[in-house]
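The structure appears right after this line, and notes come after that.
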Amino acid sequence: MNIKALFAVLFIGIILFWAVEDMPAFGDPEAPATQYTGELYVRSVLPDIGIENIVTAILASYRGFDTLGEVVVIFTAGISVVLLLRRGERL
Amino acid sequence: MTLIDHLPVLIIVIPILASLLILLAGWWDRRLCYPISLITILLQFGAAIVILLQVMREGAIRYYLGGWAPPFGIELAIDSFNSFILATILLLAAATAVYARRSVEREIGPEKTISFYVLFQLLVTGLVGMTITGDIFNLYVFLEISSIAAYTLIASARKPRSYVASFNYLVLGSIAGGFILIGIGNLYVATGTLNMLDLARLLPASFELATVHAAFLFLVIGFSIKAAFFPLHLWLPDAYTESPSAVTILISTVMAKVSIYALFRIIFTIFSTAYIIDVFPVTGFILFIATVAMIAGAVLAIAQSDLKRMLAYSSVSQVGYIMFSLGVTNQVALEGGLLHILGHAVMKGCLFMVAGLIIYRMGTSRLSELKGIAKAMPISCAAFALAGASMIGIPPTIGFMSKYYIVLGALEAGHWVYAGILLLGSLLAVGYIWRFIEIAYFRDGRDRGSGARTLEAPASMLAPMVALALLCLLLGVFVEGLMEIVGPAASLLLGGA
Amino acid sequence: MIEPLLELFFARYNYWMAIILMLIGLYTLIAKQNLVKKLIGLNIFQTAIFLFYISLGEVRGGTAPIYLPEGVDALYVNPLPHVLILTAIVVGVSVTAVGLSLIVRMHEECGVIDEDGLLKEMRHR
Amino acid sequence: MIWELDFALLLLMIICAIAAVTVRDLLYATVILSAYSLIMAVIWSEMNAVDVAFTEAAVGAGITTVLFIAAIARTGRRSSD
Amino acid sequence: MKENVVIRTISRFLVPFIQVYALYVIVHGALGAGGGFQGGVVFAASFILMIIAFDLPYVRQRFNYKWIVICSVLGVTIYATIGLLCLIPSGNYLEYGAIEAALGIPHLHGYLIDAVEVGIGITVMAAMTSIIYDISNKGGESS
């Protein structure tokens, strides 16, 4: 069991280490992720939405549907725990 | 803008609100849960049909949530492939919802019905969201909604075995979720966007990066776990066997198909056929694994002594067929594969409904205790025979048509050996389907009310089962109409119009 | 020989550390017998993925993605990974909650919460 | 960002992770996991991800730990491995 | 648990402060670090403190299951309904800008984001509290 797990983990580890080699260096301002959407968001939040916290602006407005999904996830978890553990209630 | 234009988002948001309504209405009166759930799913099905027709008439729909165009915001992108899957899964969800009522009354217990229906609704909604979203991180969010609902629904049988099955699924599902997250991160690092069509546009510039290869591997492994593709199917048999009948039908048809959809979407839309053939040649490997899956799943199915577990292993085998069509990567085989997604959902739904009925009446699904059951349950066993014939691939059923196209595609691509093995796999399907038929029809049972008493289940459970069984036949006969939907979808996946 | 290797290491040490943490978590998730231990491994695995994401968003010399007063020119870090991780953290805690309640139910029904014990228990029933 | 501090914290975190998975008492493991989450929050706030750091401090070090301790109180704190 | 006057008094004193801080975190999300999710979790933490200081049945009497159901439904409803309201002035779903343009109120976009954050906070608070109640409820007898 342990040997099998070790092999699986090593396999995953090799892919991960391999992937890192081609990544932009840590904190590189030239990375495509920072250059493309990162810059776009930073430049457009203030004129578009007008609030200071960029993360909140993206969370609630640009990617608001993700956040709706997030709220539904936590609601699902609440109902799940109710179904699994609660006894003798109406729910 | 009319309401029709907003249908892509309403098909997700209204059911979310409906699940809240189920909770509140159930608090008021428990009997209200089921009708609300059923009406919502039927409405969703109707909306899916409208969307399908609209896509066929006017081409792909792109709905920008919040009015933010990608890559800023999230979009819902529905094309001919999407809308086909959407209609398929909601058809099966509607059939399951009709079936669910009696089975839930029997297997879940009255005090849990409210939360059961809420989670049922959320599971279907999460899967719908996965199907129509055009943003890869949004896909992950909906995947987790449906996964969490599925873990709990599997455990809602309230037996120790179902808890263990659910926990195993939770562990493997979380590993899959983590892998998908790593894959999304790697794609993001290489391109800087999360929108699927934007990714498809930007990725070819960085096809040679190890980061992209790793992203491909992680996404494919992650969704293969979710879709139970052969060596990663370990959670499947227990989860299918130990959950309540309604849940088994839902996850074996709807959920498994959506995971396969995501796999197709990632391989064909985000990475293109050029990537899997030229840059990172994996098609041969996929063909090999898919063939092993077909054979191993069928052999394991034959070895089982429990009807539900046998059908579960048969699912492993059938996923192999769909993945095989993915590995062949030509128009004809992909048409067959898409037909098989629909066909397998219909016939496996029917077969699991029969198994559920048998459990409803007999309290067990062990094959050794079902001798001569055809006398007591003639309609169910006839439905089983019909869907089983489709599973084996006897003309003119849908199962025959899909396998025919897959074999044709394989021959066209020159995979003679694999095509032969595929036919052998169909023979093995005869093995496990015939086992039940023989036990049901040709063995004498112990004294079971001397044949006079019929044990058929209530009509609300029989109707969807019979409908699905007839659908196996009808879809096969009228396959020409289906090809008009499937053909554009397949050529879309291959990078055509 | 050693110079470029060191450079490679220091340019991306955050990623290396995140990967090591991921592997520790993944190994625990697969190999440990105790179910609570598995969930601890799951938490480590997920948090490591989050670290990987946050590392993606980091920009050298950047400031937090909250606008400074007007007129101050600043380089902000990439805010998008932060948003994604906020969502993913919620998902993580939800899965943990469901897993823990499953463990509690299993303990109530079988009295054991390690894999071998549960398998033995299943065979008896 | 000071990379020496960052590096030291990351190493500490790896030590915490190994300790959390090897220690046999589940209560200790949970508390170490909480410390791990807290160090993670510090690293993130140092990487300018303040919102995420806040969330991790509240959820990872707070709620998750409480849930684990509540579950361990109901199931027993001994682990065989 | 043994009666402990010190803990009870201090927590009775602390709980309102934690709850006010949680509300501050929720509303402050637009300006600095914080937001609905963090605030909701901090709010749930105040209930944890009460559970530790007093005992579970006492807290469950004060904030019972009825409130949990109402709150968790209310939060999701606020979010989804604000999204649906954006359809009326012919915007897309969640397009707050459409409402702002239709009503002509400046900065409404920011206020709607605050409202959405409040929705998130309510649901997270209720769901977290419910999960903690159920997992720490030994024996499973109802209140």
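We call the chains A, B, C, D and E, going by the order they appear; numbering starts again at 1 in every chain.
As a convention for this text, a contact is a pair of C-beta atoms (placed from the backbone, for glycine too) under 8 Å apart; a residue touches a chain by one contact, two chains touch by 3 or more.
Small disclaimer: the values here were computed from a predicted structure and weren't measured.
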item: Intersection of contact partners for chain B and chain E; value: A, C
item: Chain whose mean Cα position lies farthest from chain A; value: B
item: Furthest chain, CA centroid comparison against chain C; value: B
item: Rounded Å distance, chain A centre to chain E centre (Cα mean); value: 22
item: Rounded Å distance between chain B and chain C, as computed from the means of their C-alpha atoms; value: 29
item: Mean-CA-position distance for chain C and chain A (Å); value: 11
item: Chain B and chain D: spacing of chain centres that average the CA atoms, whole Å; value: 38
item: Numbers and ranges of chain A residues touching at least 2 other chains; value: 16, 20-21, 23, 27, 31, 33-34, 37-38, 41, 52-53, 55-56, 59, 61, 63-70, 72-77, 80-82, 84-85, 87-89, 91
item: Contacts with two or more other chains, residues of chain C listed in rising order; value: 13-14, 22, 26-27, 30, 55-58, 60, 62, 64-66, 77, 80-82, 84, 86-87, 90-91, 93-95, 97-98, 100-105
item: Shared-contact residues (touching 2 or more other chains) in chain E; value: 31-33, 35, 37, 69, 76, 80, 83, 93-94, 96-97, 124, 128, 131, 134-135
item: List of chain E residues in touch with chain C within their complex; value: 31-33, 35, 37, 124, 131, 134-135
item: Footprint of chain E on chain C - complex, ascending; value: 64, 66, 86, 90, 97, 100-101, 104
item: Complex interface listing, chain D residues touching chain E; value: 50-51, 53-55, 58-59, 62-63, 66-67, 70-71, 73-74
item: Residues of chain E defined as touching chain A within the complex; value: 29-33, 35, 37, 65, 68-69, 72, 75-76, 79-80, 83, 93-94, 96-97, 107, 109-110, 113, 116-117, 119-120, 123-124, 126-128, 130-131, 134-135, 137, 140-142
item: Contacting residues of chain E [partner chain B, same complex]; value: 69, 73, 76-77, 80, 83-84, 87, 90-98
